[in-house]
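What follows is a pair of complexes built around subunit A, which joins subunit B in one and subunit C in the other.
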Partner chain A sequence: MEKLMAALKAQIVEQLNLQEVKPEDIGDDQPLFKDGLGLDSIDALEIIVLLQQHYGIRIANPEQGPEIFRSVRTIAEFITAHQTPK
Partner chain B sequence: MYKGEAYITGACVIRNNRVDRDGVLLLETPQEQELTDFLRAGYDQFSGQYPKFHKMDPLSKLGWLAAEVLLKDAPLNNYPPESVGLILANKSASLDTDLRYFETVKDIASPALFVYTLANIVMGEISIRHGFKGENAFFTTDAFDPGFIAGYINQLFLENAVSACLCGWVEVMGPVYEVIMYKVELTSEKGLVFNADNLQKAGSI
Partner chain C sequence: MYIYIQGTGCVSPQETAAGNTFPAAVLPWEGPRLKAWEPDYKQWIDVKLIRRMSRVIKMGVAAAKLSLQEAGVEIPDAIITGTAYGCLDDTGVFLSKMINQQEEMLTPTAFIQSTHNTVAGQIALMLGCHAYNNTFVHKGFSFESALLDSIMILREGRSSSILAGAMDELTNHSFNILSRFDLYKKEPVTHEQLLKSTTHGTVAGEGAACFVLGTEKGPNTKAKLTGLTTLYKPAGKAEISPDITSFLAAHNCSQEEVSLVITGRNGDAAGDEWYEYVEDTLFAGKPVAGFKHLCGEYPTAASFGMWMGNRILAEQEVPAAALLKGTVPDHIKKVLIYNHYKQTHHSLILLTVC
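Coming up: the complex of A and B.
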C-alpha cells in the first residue's frame, strides 16, 4: 500500500501538472479537493484518466467519485480492490 | 457622456522571448529558450503564487501573463467589475491547443486540454484572476488590426458598456507567438489618447 501511494502521488503531480507541489508534500490522508490540495472538477476527470491509463480501471459509478477521490489512501484502496491480477 | 477621450494607460508586448511594458524591457531570455520555459520565467518574475497558471494552455498563459504585467503595479481596482471589459483578437484562435487535444483523442481524450479548446478561455482566466465581469469578445482576424479594435471599443464606450478594458492581440501557434495588450481607461488622463494610430505606436517595440 505504501509503495502504491508513493507511485500515485508522483502520477498525480505529473498528470495534473502540479508544478509547485512535490509528491512527498501530499499527505496520505490529506483531502485532495477544496481546502486540501485544492484540486477541481477537471482534476477529478484527469484522475479518472490516470486510473484508466496506469491501472486499467474504469469507474463504473461516477457517484462514487467523491468517496474514492477523498485522499491518496482512498484511491490506493480502490485500486487494490479493483485491479485485476496480472 | 463619452466624447472620444479614453486613454491608453499601459501597453505590454510579448514576443521573441521578451516582455516589454510601455517600451521598457522587463524580461528577456535566450532566443533558443522554448515557449514553455519562457512562460515559466515570466510567471516566476511577474507573479507566482497562482498554481493554476501551470495548467493553462500557451494561449491563456500568454494573455494571463500580459494582463499580470499591465495590472501588477496599476490594477483597475477603481472601476466596478462589471465595467471592465476584455476585447482580444488573434489569427489562430485555439488551434494550437485543438491540435494537441486531437492527438490525445486517439488514446484517451484529455479533459485538461479540452477545456482550452476555445480561444475566449484566455479571457475567462484573466477575469477570474482580476475579478472582471464586464463585456468581452474575442475576434479572429488575419493580423492585428488596431483600427478594428479601436472602433469596437469606442462603440462600447459610447454605449456606456465599459469604463475600462484590456484589449489587443494574443496569438500563438506552435513556437510562434505574439502578444500586444493594452490597458485603456476612460477616467484617466495619463497616457496616449485612445485611437488606432496610438495603439499602433504604443505596441511598437
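Coming up: the complex of A and C.
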C-alpha cells in the first residue's frame, strides 16, 4: 500500500502538472479537492484517465467519485480492491 | 469621437514585459527564430491556473493584465483578441495523444485549452468579466480585425473601455512546418543584420500585445488610435500609395503631418520592396523605424508595431535600435504604422499623440 501511494502521488503531480508541489508534500489522508490540495473537476477527469492508463481501472459508477478521490489513500484502496491480478 | 489608448501591455522577444516600457537594450539573437522573453507569470496568474496554461495563454494573459493595470481598468466592457495560430502547443499535445492512444483515454486539459478563443476566455474567467468576448482568426488580419471590432463597438457607444489584443506562439512543430514553406532565412542572421538583408526570407517570431481602448482619456493615456484600415492583396506597389494617401486624408492628416513611419520591414527582399517604395514615393526624407528585428515575423506582429508606436508617442523618443533612417522631430505628433504579412495582408494604423 505504501509503495502504491508513493507511486500515485508522483503520477498525480506529473499528470496534473502541480508545479509547486512535490509528491512527498501530499499527505496520505490529505483531502485532494477544495481546501485540501485544491484540485477541481478537470483534475478529477485527469485522475480518471490516470487510473485507466496506469492501472487499467474504470470507474463504473460516477457517483462513487467523491468517495474514491477523497485522498491518495482512498484511491490506493480502490485500486487494490479492483485491480485484476496479473 | 476619439479612441484613446488607455493602457498597453506586451510580451515579446524583448524585455517589454518588464516595466512595460521600451527596453534600454535589445536582447541579441541569432538564427531564424526569436523566442519570447517571458516574465515571472506568477505576479499576474494564480499558480493553480498557470499549471494548465501553455505559453501563448500565459503571454496573452500577462499582456492583458499589464494593459489593464496601466489603464486602471479592473473589468473592461469587452474582450476582443486576434490570433492566427491560436493555442498551437495544446493543439499539438491533444492531436499527438489522439494518434498515440488510438483516440482513447484522452485527457481534457489540452483539448479545453487548444481552441483559438482560449486566451480571451481565460482573461474573462480570471477577471470575472461576463461581457462581449470575441476572437478573430483571420490570418494576417487577425489583430486588425480585433481592433476594427473594438473601434466599431466604441463608436456605437456600447462600451467605454475595451481590452483588445493579439497573440501568437511559435512551437517546434509550427516552426518546422513554416520552415518548409520557405519563409525563413537559410543563412545565419543577427538583429543588426536582418533589416539590411537583401536575400529571401525572414526570421520567425512570436508575442502578445494588448491595449485598453476607450472613449475617454485614462490616467496614463498618451495617444489616440486615429485610424485603421486593411488592404487585401493590392495589385502592386503602385496601388498602395494612393491607398495610403486616401487613408491619411480620411483622417484629416497630410503626409507632411506624419512625424514617423513605422514599417513592418522584415529582411525579406521581395517583401521589403513594398516598404521601400512607400518610403521613397510618399515619405521621402521622413524618419522611418522598424520593429521586426525586435519581435520577428508572425501574422499578428502589427500588434508589436502598434505597442512600439504608442511607446514612442508616450516617451517622445524613438529608440536607437528601432530607428532605421532619418531625423526624428522634437515633437512626435503622428505615427503611421504600415505593415504587411507575406505581401497579401496590408494594414495601416495611425496614432496621434494626446
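Please note the rule applied: the second predicted complex is superposed on the first by the 86 of 86 C-alpha atoms of A that agree within 3 Å, B and C clash if a C-alpha of one lies under 4 Å from a C-alpha of the other, contacts with A are read in each partner's own complex, and residues count from 1 in each chain.
Quick note on the criterion: a contact is a pair of C-beta atoms (placed from the backbone, for glycine too) under 8 Å apart; a residue touches a chain by one contact, two chains touch by 3 or more.
Owing to the predicted nature of the structure, the values given are computational and were not obtained by experimental measurement.
Trainee: Report for A:Ile42: first if it touches subunit B alone, second if subunit C alone, otherwise both or neither.
Mentor: In the superposition, A:Ile42 touches subunit B and subunit C alike.
Trainee: Have a look at where A:Gln53 lands relative to subunit B and subunit C in the superposition and call it first, second, both or neither.
Mentor: In the superposed model, A:Gln53 contacts both subunit B and subunit C.
Trainee: Please indicate which partner A:Gln83 is in contact with in the superposed arrangement: first for subunit B, second for subunit C, both, or neither.
Mentor: After superposing on A, A:Gln83 lies clear of both subunit B and subunit C.
Trainee: Touching A:Glu20 in the superposition: subunit B (first), subunit C (second), both, neither?
Mentor: After superposition on chain A, A:Glu20 lies in contact with both partners, subunit B and subunit C.
Trainee: Taking the stated contact definition, name every residue in subunit A that is touched by subunit B in one complex and by subunit C in the other, in rising order.
Mentor: Residues 16-20, 38, 42, 45-46, 49, 52-53, which sit in both footprints.
Trainee: What residues on subunit C touch subunit A, complex-wise?
Mentor: By the definition above, subunit C touches subunit A via 47-48, 50-52, 105-109, 112.
Trainee: In the complex, go through subunit B and note every residue touching subunit A.
Mentor: Contacts found on subunit B: 40, 51, 54-55, 107-108, 110-112, 115.
Trainee: For subunit A, which residues are in contact with subunit B within the complex?
Mentor: Interface residues on subunit A, with respect to subunit B: 16-21, 38, 42-43, 45-46, 49, 52-53.
Trainee: Enumerate the contact residues on subunit A facing subunit C in the complex.
Mentor: Residues 15-20, 38, 42, 45-46, 49, 52-53.
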